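Across the two complexes that follow, subunit A remains constant while its partner is subunit B and subsequently subunit C.
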Partner chain A sequence: MTDNLLGLLVVIPLATAVASVALIRHRIPQRVLGLVSFGSMLVLALGWLSEIRDGDVLVSQMGGWPAPYGITLVFDSLSGLLLCAGLVVALGCYVHSFSMLDPVTERRYFHPLIQLLIVGVNQCFLTGDLFNLFVGFEIMLMASYGLLVIGGSRRQLGQAYKYLILNLIASTVFVVCAGLVYGMFGTLNLADLARIVDARVASGEGLPPGFVGVSVLLLFVFGAKGAFFPLWFWLPDTYHTCPVPVAALFSGLLTKVGVYAVARTFPLIFAVGEARDVVTPLLLVSAAVTMLLGVLGAVSQNNVRRILAVHVISQVGYMVFGLALMTTAGLAGALYYMVQHMVVKSSLFLCCGVMERHAGSDDLDRLGGLLKRDRFLGVAFFVAAMSLVGLPPLSGFFGKLVLVREGWADHWWLSVVALLTGLLTLVSMLKIWTKGFWLPPAEQAPPAPGRDGDTGSGDLRGAYAGIGFLVVVAVLIGLAAEPIYEIAFHAGEQLTDPSAYIRAVDPHGLIAAGGATGGGG
Partner chain B sequence: MTTVLAICVTVIVTVSVYLMLSRELKSIAMGVFLLGHGANLAIIAMSGSPVLPGGDLRQPPILGGENLVDALPQALILTAIVINFAVMGFLLTLLVVTARKTGTLNVDELALEDPPVASPEPDRSADRGVGR
Partner chain C sequence: MRIDSLILRTAVRLVLPLTLLFAIYAALKGHNGPGGGFIAGLITAVGLCTYRMAFGQRAFFRLLPTHPRWLVFAGLSVAVGVAVVPLLLGEPLLRSGSITLHLGGEGLHLVSAMAFDLGVLLVVVGVAIGMITRLGEELDP
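On to the complex of A and B.
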């Protein structure tokens, strides 16, 4: 199906960002504008999601140029679900920032930057070709560099470079990969690439030399953005230093875009034929080590923020687990897990922000007795934490259930690691719960100054609204597991059998008629 | 032609890796920028030789006719150059701000969360090194 309005999901935040720059001195109009932008995008995205819940694919050809010549935007089950989850997270964090960000930081282009971040994220999710995926990544990363050092404290500046340099190197490798792929196949359109690769494997012609190398290079690129096993070192320090709403947004969106890129390109193109034999073991080992090392790192920390940050890594491991299986149910499980993780993880980070505000620190030795002081926060944190652990009625359970069951047949050891990780997750969450909320304060330490950029007004209504919104959505994801999993299952089907995707992108058969030349230089 | 480009890419990437292994952020930044140039040259090399087997050159697309140069890789490179330029501007600005705020551009000194001299809270020194 064609829907030419898909571009709105990129245009709305872009226009809002420009308008916000014009209104930079006025706080309230910027906030209203931002809320309108996020709200309208969420309504549009949910509307489209309900349209495609039977497995349809919405396609928009920019400028009327048919694929593979023009820029294609695709709204299928995979991108639709993640887009909605991303917008929910962004809205929650945005509302939260109203009471958690101090006015000086807010005036330093917080509103335009957050809109630009969404431009990049939406473009990554929607785009139908490899080069625009790169451009989307770059827009997102530029905005994230800005948000990372917003406020410009010494600690932020010192820690930002790890993230910056690694991502710059990864982006450069990405451009080279795009060039190599174009040289090999003469096209960068994902549907076209999927068709050519498929046809070459089926006809026994084989893939061009160097294809496996490009696959592994791209795995490095997406792994660096998604914090897979050997490439996760930048994450804990980065999330530790920036303001809480920004850290929550990053934890919900940034790594997930990396995982999305793997989910989008690997089953379709880069893990086909002999490349699959190389990529799958890498993904399997990476998944196991990411899960286990991430959670062990989290258990060993004593700061709420660091526990949560290191935990992001462990959760990415679950998603890689699902991707590595490369089966319909495995991919669907990974997608469902991603959706619930984005919402739950961000709400935990937002809770952490309020905890820091109450106690003046996120050091667990200084916290305590918060349940008495703030019932709402305690309940919200508990629900979100138990979702993360995967207690049955809550959303995390269903994601883990699908993954463990699907992995049991072929890779039982990985399922065992996943279950063990779940247990250790419980330990780390109980650590925060007992020390932060349940036990009385251990010592009457003088309140330390809050984190940089977090000392806003004492009004916490915005913070509660953000947390409440995300926690309610997290619970709903658990209660509505079946319809959401159905959409995720359609996504899994579309990834394992790309014919529906190709047909939607190219309804006139231009690609199938050999519109693109196979093989250039 | 492709061989010459390949040699250029190799030299540029070698120099950039050498620069990036330095402990000074200025050198690392220069290394990253050079790597971007190397990537652009690699794309040019991938787009095929401009010399036809007979010895003639491929024509620019604007002239029309047969044997045209493929313009798409050049469009890709143009986009990559613009992005690289923006990132370069941001990174250099950040370097200036960092040097002003912290007085150092050495990676090891920046990695210390609480510098011994400038630390306003002596009680935080206890957890220095946690999670590093």
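On to the complex of A and C.
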């Protein structure tokens, strides 16, 4: 089905960013504009999600150019679920930032940058074209560089530099890969590529030489963005130095876009035929090591923000686990896991921000007794932490259940690793809970200096609103696991059998007629 | 980084109008051939930067109508505006509309994509000049 309004998901944040630049000296109008932008996008995305819950695919061809020639925006089950989750996270973090950012930081283009980040993220999720995926990545990264150095302390700049270099390398490789793919197949439209690759494997013609190499290179690119083992080293330090709402937003969105890119392109194109035999073992091993090392790293830290940041890596491992299985249920499990993880992880980071505000530090040796001081924060943190661990009525349980069960038949060892990781997650979360909330405050340590760019007003209403919103959504995701899983299973089916996706992108059969020879090159 | 040279100043006085003219040519030609708003913006920015090199920062800002930031703002507004109009008419984003004016001869073919290109041009000029003046401020305040 065609729905030309899909473009609004890119235009609304872009227009808001432009308007925010004009209002750069006025805080309140910028905030109102931002809220209107996030709110309207969320309403639109939820509306479309309910429209496609039976497995439909919404499509819009930019400029009216038909599929393999123009740029296609696709809103299917996979992108729809992630878009909604991403916008929920963005809204929560945005509201939280009202009481967490100091006015100077806020005036340094915080509002335009956060809108531009969403432009990039939405474009990544929506696009049906490999080169535009790259463009979306770049827009997102540009904005994230800006947000990382907002506040501009020396430490922040040092960490941002590391992040910048790694992403520059990954982006360069991405463009090279896009060029190679174009040379092999004469197209970059994902639906077109899926059809050509499938036809070539089916007819026994085989894939062009170098295809496996390109697959592995792309896995490197997306792995670096998604923080898979062994490319995760940039992550903990980056999230440690920037303002809390920004760290929360990054933990919810950035790595997930990398995982999304794997989910979108690999089952369709780059893990077909002989490439699958190379990519699958890589993903399986990477999943196991990412899960286990990530959680061990988290347990060993003694600092709330670092525990949470390193823990993001371990959670990415679960998603890679689901992707590596490449079955309908495995992909559905990975998608559900991503959705719940985005919301839960961001809410934990936001809780961490308030903890830092109360205690002046996020060092576990200096925290303590927060449960008595701030009951709301304690409850919110506990609910979110238990969701992350996967206690039954909460969302994490349903994510792990499907993954572990699906993996049990063929890769039982991976399921065992996943369960062990869940146990260690409990240990790491209990560490924060006991030392931060449960035990009495530690000996009066000298108050640590406030974190860079984080010394806003003492008014915490915005912070509580953001945390409350995300925690409530996290609980709802657990309670509404069945309808969400229905959509996730549609996504899994669309990825394992792309014919519905191809038909939606190209209703007139132009792809089949024009590219039957598959380019050549 | 002003270079004090009579030859340069005289040359720039001659070259700048030609550069701007060539930029307009490149922008218009871009609809059906190599060229377009991006490259026209770069050509404009190069012309303006040589002017800055010859006459210095202050004379340069007298030439420029406004702060580079507002050029970027204006360019983005135009581009987004042109992109959104088709949505209101039920067409996909960025859909280009065209009219042909009959003024005798072959007629003048006007497309809305030209306005989009103008937006791109303004953004490129604004970004390039903004970056170069910012870097130049450290050399000669």
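Structure notes:
FYI, the second predicted complex is superposed on the first by the 517 of 521 C-alpha atoms of A that agree within 3 Å, B and C clash if a C-alpha of one lies under 4 Å from a C-alpha of the other, contacts with A are read in each partner's own complex, and residues count from 1 in each chain.
We adopt the following convention: contacts are C-beta pairs under 8 Å (C-beta built on N, C-alpha and C of every residue); 3 or more make two chains touch, one makes a residue touch a chain.
Since we're looking at a predicted model, the values are computed, not measured.
By the touch criterion stated above, A:5 is placed in contact with subunit C alone, subunit B being left untouched.
Of the two partners subunit B and subunit C, more residues of subunit A are touched by B. With both structures placed on the common chain, the touch criterion links A:165 to subunit B but leaves subunit C unconnected.
When both complexes are overlaid on chain A, the residue A:22 reaches subunit C alone and has no touch with subunit B.
Looking at the shared chain after the overlay, A:42 reaches neither subunit B nor subunit C.
In the overlay built on the shared chain, the residue A:182 is in contact with subunit B alone; subunit C does not reach it. Applying the stated touch rule to the two superposed structures, the subunit B and subunit C interfaces on subunit A have no residue in common.
Of all residues in subunit B, those touching subunit A in their complex are 2, 20, 25, 28, 32, 35-36, 38-40, 42-43, 45-49, 70, 72-73, 76, 79-80, 83, 86-87, 90-91, 94, 97-98, 101-102, 107, 110-115, 118, 121, 123-124, 127, 130-131. Residues of subunit A that touch subunit B in their complex: 131, 135, 138, 142, 145-146, 149, 152, 154-155, 157-161, 164-165, 168-169, 171-173, 175-176, 178-180, 182-183, 236, 297, 300-303, 306, 310, 363, 448-449, 520-521. Considering their complex, residues 69, 72-73, 76-77, 80, 83-84, 86-87, 90-96 of subunit C touch subunit A.
By the touch rule above, subunit A contacts subunit C in their complex via residues 4-5, 7-8, 10-11, 14-15, 18, 21-22, 60-64.
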